[in-house]
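See the structures that follow.
Two complexes come next, and they have one chain in common, subunit A, joined by subunit B in the first and subunit C in the second.
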Partner chain A sequence: MQPRRFIFWTLAPAFGLLAALALISIAGALYFSVMDRSLRYPDYDFVGLYNFERLFGDRRFLNALKISALWEIITVAGSLLVAVLLSVFLFENTRSATARNLICLAFLAPVLLPRVAAAFIWRFLYSPTLGLINYVCELVGLGQVEFLASPSLALFSVAAVDIWQWGLFFTVILLKLLETLPKEPIEAAQLDNARTWEIHAYVTLPMLRAPIISLALVKAVESLRSFDLIFVMTGGGPGTATETLDLYAYQMGINLGGRVSYASAMSILLLLITIVIFTLVWRGIRKWAA
Partner chain B sequence: MGRLISRTLSRTLLALLLLVALAPILWTILSAFKKLRDIVTPVPKFVFTPTLENFATILLNPSIRDGLYNSVVVVGVSVFVGALLGVPAAFGLARLPARAKGEMQFFVLSLRFMPPVAIAIPFIVIYLDLGIYDTLLGLILVYLVTTVSTVIWLSVPAFERVPREIEEAAAMEGCSLGEIFLRFSLPIAAPSLFGALVFTFVLVWNELLLALTLAAENGTLPVVAASITSLGKEVPWGVINAATVILVLPPLVFIGLLMGFINRMVAPGRK
Partner chain C sequence: MANIKCTNIRKSYGSVTVIEDLNLDIPDHEFVVFLGPSGCGKSTMLRMIAGLEEISGGTVEIGERDVTRLPPGARGVAMVFQSYALYPHMSVYDNIAFGLRRQKVAETEIAARVKQVSGLLGLEQLLERKPRNLSGGQQQRVAMARAMIKTPKLFLFDEPLSNLDAKLREKLRTEIRRIHLDLKTTTIFVTHDQLEAMTIADRIVLMKAGAIEQQGTPSEIFDRPATRFVADFIGSPAMNFRDCTVANRGEVVELSSGSLHLEVPAADFEPLADGTIVEVGLRPSKMDVAGDGAHNAITGRVVLVENMGSEGQVVVDVDGRDMSLVTKAFRSLSSGSPVTFAIDADSIHLFSKRTGRSLRKAA
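Up next, the complex of A and B:
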């Protein structure tokens, strides 16, 4: 077989399948979003942009939009901050390779956990009556804290679990990247009597700018999948304090009477926002990092 | 003296960090062996008579056994097909001109941008119309989006790192591209490819939303586990913890592999 034909046949099945499935779901969502289909009734009609109009007047939707944006910001910034601080700390304070590797193994464990499992583990820890964290809180005199039942705290409590998983994972990656950096610039800075934090702030971390940005991008994409964690931990509550867009779309489309069309309109908007933002960011980063 | 203090301080902080990383998991494992009355105590108990009751409840529960079976089938088949289609595609992609490769890689990555709800909701209706709602086949089909795209995304760098000289030498010997792929590139890239497959496995093993929406009776393990909370009046924490442990075990087995994978990914000399 000719090389070009061989390459074509390696690519065609995989990309054909991906394109077909992506097309079906997007075309399906677009089609249903201009209908008034619901799972309860078999027949449906064309309603134009009615679903979209209603969305913009739906306060619960606008709230979900806000919560989703907050969730993105908290988890992306939180994970990166944790990763940068901890990786520098570990880089400076662990000398033996074995100790460092063992710590890395421990830090990798959380991200491997299924989100459902992580959610249960932390619900158990957060529990007001029998949770370990609340026991510690009472020991230090904070009293009982309603981590998941308080509207102002719930989103942060769930985000902490996400950061526990991803922040520690990114710490390992950044630590490994720090190890691969050339030694000369660091030694030069040391000769200039730079403090340790100055070396990292001005020398090593700027050298890792490109990988840190790609980590941020990866995290931003993964943070869009907040559903599993929030669904198990709070179910979107208390009230709608932790209801992100995918949770609301799920509630609308599946749980509450299956208003498929309304949920489709919502997921189309979600898709549009995501694609526009990420394409812009992706192009911007490529230009900036190049 | 100051040195000693800062050393002790950093040691304490290190220990604390390890505690934060591992204690939640260990505590859950410990509690999976407790009777409910050892869990519901004002002061956490570290010494107790262990029991296997919780695991017995879990493993004898038919819905959990079905969930486990469904998970194994769905995840197994979708990762296998993902590898079958994705690995050759990654080999092909690695040989395309840079521009075409970049565009196609962006397409693969952009699939990951798609919110799962945006896939789930149209597929419910389509599956209901086709009669494959709540079947393993339906779940496998949507999981293929994740497995094929993840395998491709992670395998392209593995093939890019196969030394050009080996492939060129094989071509000089008269090997066709197919033979080069099977006899040289694939074995050389195999360790990295295995890492990619493991990562893909973990992603779909952990997936909840699609399984929750596209299946009712035939849910996977995460779906069944997520529904335990509503068993009876009292929250059966012992049972929940045991279910969590079972859910957690398969991905955790691969932790060493993931570590090796990261080491290779950040190793210098790439690009």
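Up next, the complex of A and C:
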């Protein structure tokens, strides 16, 4: 058999399956988004862009849009910041390879936990009456803090869990990347009178710019899929303080209203927004990194 | 400007000691080359002086100041690395300016000094480029500019020319030498290339297995090697060695091995008992084709002739073993023909079989 044909036939089943799974659901969502399908009534009709029009007047939708954007920024920036600071700290302060590997192993553990498990653990830790964190808060005189029940804190409290999982994971990746860098430019910087933080700010981290950008993009995509974490920890509450777009779509389509078409329109819109924003960001980064 | 003083330097990794009790003085303005085979500790020594490698014992002084425990940046040294070690994401200008910026020098002064240094090294046209868009020679010039702009007390070069092709190596070597004549900054240059060392150094420090084997000017090292190791390491083609038996003949000492009979003045060497076996070293470049009756003549049969342009290396079979010589008269020789050549008694080296040390009396 010719190589091309061989490649085609061996790849075809997997691609077919992927296409079927992705395309059918997208096509389904598209179809429903221009109907007025609701679980309350058995029949439905074509309504054009009515659902989309209504979305832009829906304050809860606009709130969800804002929360989603905030969530992206906090988790991506937070994970990277934690990873950069911790990896540099470990790079400078742990000398023995064994200690470093043990720390790396410990840092890998959180991301290996299923999201739902992590969410339950932290919900317990945050608990006002039973939680370890509140116990510590009271010891240091902060009093009881309503981490998940306070509208101004809840989003950050949930984001902290996400950063705990991914920031530590990225710390391990960055630490390993720092170890692969050639030693000479760092030594040259030492001879150039650079302090430790200057060496990292001006030499090592800029040398790792490309992989750090990749990590940011991976995290941005990953953060879009935090439904399980938020759902278990706050369910979108208090009020709509942590209600991201996917949570709102779920509430509309399945949980509360059963308004399948409205929720479908929302997911289609989310898909479009994501594609547009990521394309723009990707282009911007490519230009900047060149 | 500064003199360097290393006292009782020791370096060990765990239980393995690589340098033991090394003492070295380098006067101000001198261009010193650390020379030796790989693994002899020359780079380690350089890195300890730079502060990049911890010193296990002893002290390093730069300009009368003990710097043993100081960080690299505080020692007033600048270093050029074999791999250039440029900051890959910065332009040439930023690379050169980096050190001054860390010292909070005013941006206008930095600009003036970058201009001056880049002019000196012919980098004016390249200041906006990134290192990856430069050739190896250009990159090494940038590295030199980065080192020079700090006006250090001491320049350190760690095999800076090893990654360059032969022609460029020669060019940059001359340039480094010229810059040193201009600036007169004390310089330590590490290399494993003996020719490079011979051409560039005021003084060569030849190292072997973590200890100094011999130090001296290039001519001293070449003409009066202190040990068999030095004699063998320096010079290309390598020195010829033969084990010879000693026979005292009053004023002269006769050395013989097979058909080989050489005479050297007894006064130049330490007293040797008749019948002692010594190792005789004959430098190829000190031998030349001669008539049959010449003093210290050696005869043999030509094995092959290598044309090196103005000179030729001739390999001669003497008693079944190869001996090489370098001569301008190589064109008249061909494989298989007999040849007679001679060596000046002053260029015959004798080494003890037991210690490897030269048996020639110090001048």
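Keep this in mind: the second predicted complex is superposed on the first by the 281 of 290 C-alpha atoms of A that agree within 3 Å, B and C clash if a C-alpha of one lies under 4 Å from a C-alpha of the other, contacts with A are read in each partner's own complex, and residues count from 1 in each chain.
Operating definition for what follows: a residue touches a chain if its C-beta (ideal position, glycine included) is under 8 Å from a C-beta of that chain, and two chains touch if they have at least 3 such contacts.
Small disclaimer: the values here were computed from a predicted structure and weren't measured.
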Would you mind checking whether subunit B and subunit C clash or fit side by side on subunit A after the superposition?
fit
Examine A:Pro110 and indicate which partner it touches, taking first as subunit B and second as subunit C; both and neither are also allowed.
first
Tell me which partner A:Asp192 touches in the superposition: subunit B (first), subunit C (second), both or neither.
second
Of subunit B and subunit C, which one touches more of subunit A's residues?
B
Which of subunit B and subunit C A:Leu256 touches, first, second, both or neither:
neither
Considering only touches as defined above, state whether A:Leu280 meets subunit B (first), subunit C (second), both or neither.
neither
Under the stated touch criterion, which partner chain does A:Leu21 make contact with: subunit B (first), subunit C (second), both, or neither?
first
Give one of first, second, both or neither to describe whether A:Leu49 is in contact with subunit B, with subunit C, with both, or with none.
neither
Once the two structures sit on chain A together, report how near the CA atoms of subunit B get to those of subunit C, whole Å.
12
Spell out the part of subunit C that touches subunit A in their complex, as residue ranges.
50-52, 71-74, 77-79, 81, 83-90, 98-99, 102-103, 146, 150
Over in the complex, which subunit A residues touch subunit C? Could you list them?
182, 184-185, 187-195, 198, 202-203, 206-207, 209
Could you pull out which subunit B residues touch subunit A in their complex?
10, 13-14, 17-18, 20-25, 27-28, 31, 39-41, 43-44, 85-86, 88-89, 91-93, 95-96, 104, 106-108, 110-126, 128, 141-142, 144-145, 148-149, 152, 176-178, 181, 202, 205-209, 212-213, 222, 225-226, 237, 240-241, 243-244, 247-248, 251-252, 254-256, 258-259, 262-263, 266-268
Within the complex, subunit B is touched by subunit A residues 1, 3, 6-8, 10-11, 13-15, 17-18, 21-22, 24-29, 31-32, 37, 39, 86, 89-90, 93-94, 101, 103-110, 112-117, 120-122, 124-125, 129-130, 132, 135, 164, 168, 172-173, 176-177, 180, 221, 224-225, 227-228, 231-232, 245-246, 249-250, 253-254, 260, 263-264, 266-268, 270-271, 274-275, 278-279, 282
